[in-house]
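Got a structure for you, questions after.
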Amino acid sequence: MSATIPLTAQLINLCASVILLLTFAMLAQRRVMQLINLFALQGFMLFLSTLVVAVTTGQSHLYWSAGLTLLLKALLLPWILNRLMHRLQIKGEVEALINIPTTMLVGIGLVIIAFNVALPISQLSHTITRGTLGIALAVVMLAFLMMITRRKAISQVVGFLSMENGLFLAATSATYGMPMVVELGIALDVLVGALILGVFFFQIRDQFDSLDIHHMERLKDN
Amino acid sequence: MTFDIFVILLAIPLVSGALLTVFGERDWAPHLNIIASGGTFIAAVWLTISIITDGPRFAFGEQFFIDSLNVFFVALTAFVGLTTSIFSGPYMKNEAAHGRLTIPRLRLYKSMYQLFMFTMLVALTTNNMGILWVAMEAATLTTVLLVSLYRTPASLEAAWKYFILCGVGIAQALFGTILLYFAAERILGESGNALLWTHLVNVKAFLEPNIMALAFIFLFVGYGTKVGLAPLHNWLPDAHAEGPTPVSAVLSGLLLNVALYAILRCKVLADGAIEGAFAGNLMMGFGLFTLLLAAFFLSRQRDVKRMFAYSSIEHMGLITFAFGMGGAVANFAGLLHMTMHSLTKSAIFFAVGHATQKTGTQMMDDIRGLIHVNPLIGWGLMLGTLAILGMPPFGVFASEFMILTHAMKHHPWATPFLLLALGVAFAAIFGKVQPMVFGETEAKRLPHAPAITPVFLHLAIVLMLGLYIPPYLTRWFQEAARMLG
Amino acid sequence: MPSLLAIDTLLIAACVWAILGLAGLMAPRKTRFIAKTLFPLGALVSVLAGIVGLASLGATSQTAVLVIGLPDLPFHLRLDNLSAIFVTLLGFVSAGISIFAAGYFRQGEGTAPGLLCFEYHIFLASMLLVLLADDAYAFMVAWETMALSSFFLVTTDHRHETIRRAGFLYLLIAHIGAIAILLSFGVMTGGAGGSGDYSFAGMRAQQLSPFWSSAAYLLALVGFGAKAGLLPLHVWLPEAHPAAPSPVSALMSGVMLKTAIYGLLRVSFDLVGTPIWWWGVVALAIGLATALFGVLYSTVQSDMKRLLAYSSIENIGLLAIGIGLALIFHSYRMEALAALALTAVFYHCLAHAGFKSLLFLCTGSVLHATKERSLGKLGGLIHRMPWVAWLALVGVIASAGLPPLSGFVSEWLLLQSFLFSPGLPHAWLNMVVPVAAAVVALVAALAGFAMVKFYGIIFLGQMREDSLKDAHDAGVWEKAGLVWLALITVLLGIMPATVILRIDAATRQLLGAGLSEHVRDHGWWMLAPISPERASYESVIFLVTIVLSVWLGRWLVHHLYHGRGRRSAAWDCGYHFQGPRAQDTAEGFSQPIRRIFEPMFRMQRHLPTARDREPYYSVQVEDHFWHWLYLPIARLAAWLSMRITTLQGGRIAVYLMYSFITLLLLLLVARP
Amino acid sequence: MISISGLIGQAFAIALALVLAPLLLGWLGMCRAWLQSRSAPPLWQPYFMLRKLFNKDVVLAETASPLFRFAPFVVFGCMVLACAIIPTLSTDLPLAPAADALALVGVFGLARVFISLAAMDIGTSFGTLGGRREMLIGFLAEPALLMVIFTVAMIAQSTSVATIVETLAHRDFIIYPSLAFAGIAFTFVAFAENARVPVDNPATHLELTMIHEAMILEYSGRHLALIEWAACLKLYAYSCLGLALFLPWGIAERDNFMALVAAIPLLVLKLLVGGFLLALLETVNAKLRIFRAPEYLGTAFLLAVLGLLVRLLLEVKA
């Protein structure tokens, strides 16, 4: 079966698989610094896969979005996060709420679910990269899981951004990209969001003396 | 000619938002805020009239589409936006006088307020499901800044939760949008038209049901987070309670509506593609669950704004349930209820805002005897509460009556739950508000006289609609309800 | 053909009331203008409404459709005989209360007089609309406006925590009742797959299966029962009535409770279709329990308005009994007997409206004169307030169900209808129903006990407090209102045949049968609902005989002997110089009742012992229903809320998990 | 409708009641004295008492209100009315339709309420105590009495006392077992209502036991005379009611003058026997504690209900 798949598709599938792997790595990662690096790498892989799709289909706007991805996801956001890390002097380990092995097991379960959910849909696809939809969904879910299990505000943000990466993967690989105006809008939102978050971090640290989100459990009803 | 008015509608908040970002600290800035809102409202009315007379139309190519459904929301949004800006004038001055806000924050508030209006208007009028998503996300971002305006630990926590939960939620909606595009592209081709609602709605019967179901689930969870459907609602009470009161008013009165509007647009597509009432059942289930849950939350509240936030959740549940039932009557009732809820809830928040300013606390146990402090605020809160609880002759009752009777006819199993929730909510809210309004207190004057007009203006409209819905409004609602199927 | 239809006149009356209210709202502090101009004008409108109602009895029903309302359900109004009776009641009784209020609200109490005037007149207008409404929406709007305006009236003096709580309880139960009523209407439109026509005409046209019609009936019983104060939804009544200003208590007890009876009659006889025999049994059983409960609790109260409130519960119970009997007879097509029972219901509505309003207004005068409503601190007021005292005596005798006043007529009719129940094609009913009559008899006798307590302790004996010496009699307006209501009570007492001939139109409308054939054969003074051989009552002769013998006896005694007399200290078996403290207290008077019916009460007693420094006796009577029904429900709701609020635990990770799990579940389970 | 003979009969019945009532009390006193081996007072003793009281001055308590003076007349009037309605000699009474058996209960109730109110009017401890106890007995006795009336009324298909008498006395003779129950219950009630021994003791002023006497402690002169006379009338009315319901034979029908003449001695005879039995029962019974009264009257009520059920079970052919 694999023989019938063209090389470009194989390349895209490879990129997607690497992204999935990186997501798992992020899930397992204890250090914030490493987490950001992994995130940057994930952005880079996303750029690669978008580029391959662009080359394969020859759609010009995909080149644009590939460039945007590289700029935003692989360079700008990791840089902002790094700056924040230094400015806020965040060190030490990322404390997970659930221990890492359990998280990994849950993550595998999620991947299975994601693949199964996506399976009937990807079979309908006429694009060459239909398998990646499952992977994209899995990435989204794993990022979700990461946000649930992490305790530091910054790692939650990384989780959030990596979720966006998953979405982007779905958009480019499964559908050959959304309309340009939409993609631009999305990118703008992500950027503004990240900036606002950056401002937030300072305020949070000012008020709580920490970026640990367990300080932020005052508003409750019980 | 009509093209212009739409551009003006969008341009006024955008431009004034930009202006206020720069000149927000000037003396005339609050007036500009009100004038801009007023201009938006006038433009919205103009647009509405033109839509009623000329029928639906496009703008900016096919990127924007205004029909009787969303023009109604535009008008409502512009109206509540105007009254809220009137209300926020003295309110914000008082806050500044109490030292809770600095001048730069006021600037931020005004500019973000206008930009927030802009994002909502874009979300309402866009024809592109992708831009809809972008606008929703942008609305989230602007309101996050508004919620965290006080920069207190509590407001930061609320804003953080709001941002993360809604951000994640909205991300699900994006996945849903991608899936929608994925489904549409197979029929509409890879042109940029595959996300245009007017095109989608033409081919909705040919969309692949499996993909559409999945897409709808993601869209529903995503925008549903923003609507505040349980159990995705957790951000909502925090954000409402900790932000400035005008923001609570527009969040409750407008943003929730816009999110629900997004779901409605998606539901129309899902209904066309999927056999059976999949989307409707989903909405009914979540609506009922939300309604019940929120009702039980109400009785444990101590913070007045938080309690009314839960009340908003409750009403969103009811409205979602109504639209879930579908059909001309239920949709009509749902639209009516959205209108009533927007008007009433924002009026309540206005009154609550003044009340909390007077007493200096949001804790209900510490607020007593509002009727002595200021009879108009006291009565405003009292009447608003009674209205939101569905007491006739206020309009909320009219829509609840229609929803209930329709439910009785088509889904009798749901009525006991509906009534249980409404009963519990009544006991909870009224039991808390009554001692706040009545009773004894030591009075205190505010540095700036409160703006009471918006409260009673809203309540008067709600009262009128409870007794008499003008025929043109009826036709308008019916037209919109018919479009929702 | 008159150019102005009766229904239009009534609508105008409602509008005038609303305008009067608004006029009050415009000048909230001009007490003189409000009291001496607006309230008397309101009374005038009331009289007019009463006359229109009276004139419409027996006329063909009139309908009207207003422009306001829902788009596909504008307000339908209809004035038929059933409404007309209650409109008459509303008009004539509220006239007296409004006149009284003109004198009563002179100082204003907590709320600005103008606002009170507004709430009061809106209350009147909404009650009128309830009676006229001919579709579910109009009915509900009017019904809830009525609840709302009366709620604000109850909480007039909202500075007291207890009054606020009373108001809250009242509105809550009213709201629950309204929900049940709405459901009942929903069922009557046919429920699932029905017509969905929410006008009353549509409901009449609907053919319901016995199951659904029973459901509609039971829901209506719950809904209207909550408003009327039927067990176990009565708890608001003894709280709200004492809290409200007296004219409001009078209006609520005298008129508003009757609108609930009206609603129950409307649903069970008019809208829901053919009744089933056990409906009547249910109403009968609840009515019996309510009546007995109400009267027992009324005997043990120490607050004069609470006593009257419980007495209202008792009377509502009697009305429910009558409705139950009428339903039983009606379901077996024994229309003549059903007409007898239904006439009793109507009559009792009218009678109770008159005498209970009168009594509440009297307590209002006492309250104003003494600032005191605890029975333990009153006494001997007949010396200081002769007008109020003698007029109250009229109310007391009527309320105790004694001839020759109004209360007796309705009780007599009710007992008559019990007496002829054998003949029902149902052995059980035949056995049980007469025994129920015994309970009615017990209730009537206990009502006498309660009323003697009420009157004796407030107006008779020695003054229990020194401050009572300064009490003054009611003013002119108050007196006028009291006299008006006393007149109604007396007239209803001595002219039963005339009144029943009027009522007949309504019974005939509901049942197709009435009492008029039999009643008309005799003079206006004689009431013989079936035939004089079977039963008859001539209250005029009755009254004349008693008056004559009183007068003759007096005349003879004074002429044959002498009229000499002198004053001296009370003898009291030689125990002279007993102070007012030696009299029975309110608690002491009801001690036999507490002792005999001990299990019916939830009592907390403190008895003095020989070693007490400061011996004291206290007894508090609580309602069993609080303890066994309301508190458990409240606790359950609180417990549920507590459990549910743990969902909002403050942890963002948990919140995220909720949405994650929701998403997963939907993806896995919810597929089309 | 109203015949001259009827009017004459009515007037005669009232006059007879006014005359015979004190005599009945005197007869009762005589019988009691005999049964207790005392020397008996004369039969006219109650008349002596009334004459004495009418001639005396009235001493009113300082705290008495007009109601106090008004009440004796109302009570007296009520009792006269009751006696006028109950057929003693003839069923042809023009006043009879004015009140049926239910209204009769109402008349007694009205009198009771007035005397109780009057008792409370002075504001003494004994007065209120008496009023309270009187109302207690009243609400216990009234249901039982109504049940008795119901039983009888069901037999006659009427609540009109005249019709009941006509039905029982002048139609085919049938044995009604239910009437036995009702009769016993009625006797119980009659004792209680007339302040006789098991419930009250007319001959004592002991604070623990008195009911009726406690209420009229403050009355004097003509007022007391009227009340005492009214008490006699009440006893007479109850006796006649009992006779009319359970031993109606001998009461004349409409337009039967001969029977009317015969009815008078028969009535006197019945009253003599009845009075003796009453005295006998009173003598052999002991006074009950006041809180035994509910049990006593509860028994009466139970018997009456049993009578009603027996009536429904055995005698009604469905």
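Per-chain numbering from 1; labels A, B, C and D assigned in written order.
Methods note: a contact is a pair of C-beta atoms (placed from the backbone, for glycine too) under 8 Å apart; a residue touches a chain by one contact, two chains touch by 3 or more.
The shown structure was predicted, so the numbers you read here are calculated from the model rather than taken from an experiment.
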{"item": "Neighbouring chains shared between chain B and chain C, ordered by label", "value": "A"}
{"item": "Interface ranked first by C-beta contact pairs", "value": "C-D"}
{"item": "Chain separated most widely from chain B, comparing mean CA positions", "value": "D"}
{"item": "Mean-CA-position distance for chain B and chain A (Å)", "value": "31"}
{"item": "Centroid spacing, where centroids are CA-atom means, of chain A and chain C in whole angstrom", "value": "70"}
{"item": "Distance from chain D to chain C - Cα centre to Cα centre, in angstrom", "value": "35"}
{"item": "Between chain B and chain D, centroid-to-centroid distance (C-alpha), Å", "value": "78"}
{"item": "Multi-chain contact residues (two or more partners), chain C", "value": "642, 645, 648, 652, 656, 667"}
{"item": "Shared interface positions of chain A, touching two or more other chains", "value": "117, 144, 147, 156, 213, 216-219, 221-222"}
{"item": "Residues of chain B engaged with two or more neighbouring chains", "value": "160-161, 164, 168, 172, 214, 237, 297, 300"}
{"item": "Pairs of chains, among all present, that meet the touch criterion", "value": "A-B, A-C, B-C, C-D"}
{"item": "Residues of chain B defined as touching chain C within the complex", "value": "160-161, 164-165, 168-169, 172, 209, 213-214, 217-218, 220-221, 225, 231-232, 234-235, 237, 274-276, 278, 282, 293, 296-300, 371, 386, 389, 391-393, 397-398, 401-402, 404-405, 408-410, 412, 415, 419, 422-424, 426-427, 430-431, 434-435, 438-440, 466-469, 471, 474, 478"}
{"item": "Complex interface listing, chain D residues touching chain C", "value": "54-55, 57-67, 73-74, 76-78, 80-81, 84, 95, 97-100, 102-103, 106-107, 109-110, 112-113, 116-117, 120-129, 131-133, 135-136, 138-143, 146-147, 150, 153-154, 157-160, 163, 205, 207, 217-218, 221-222, 226, 290-291, 294, 301, 304-305, 308-309, 312-313, 316, 318"}
{"item": "Residues of chain B defined as touching chain A within the complex", "value": "63, 128, 130-131, 133-134, 137-138, 141, 144-145, 148, 151-154, 156-161, 163-164, 167-168, 171-172, 174-175, 177-179, 181-182, 185-186, 190, 192, 194-195, 208, 210-211, 214, 237-238, 241-242, 297, 300-301, 306"}
{"item": "Chain B-touching residues of chain C, taken from the complex the two chains share", "value": "67-71, 136-137, 140-145, 147-148, 155, 158-159, 161, 164, 167-168, 171-172, 175-176, 179, 182-183, 186-187, 189-194, 196, 198, 637-638, 640-642, 644-645, 647-648, 652, 655-656, 658-659, 662-663, 666-667, 670-672"}
{"item": "Residue numbers on chain A that touch chain C, as the complex places them", "value": "97, 113, 117, 141, 144-145, 147-151, 156, 213-214, 216-222"}
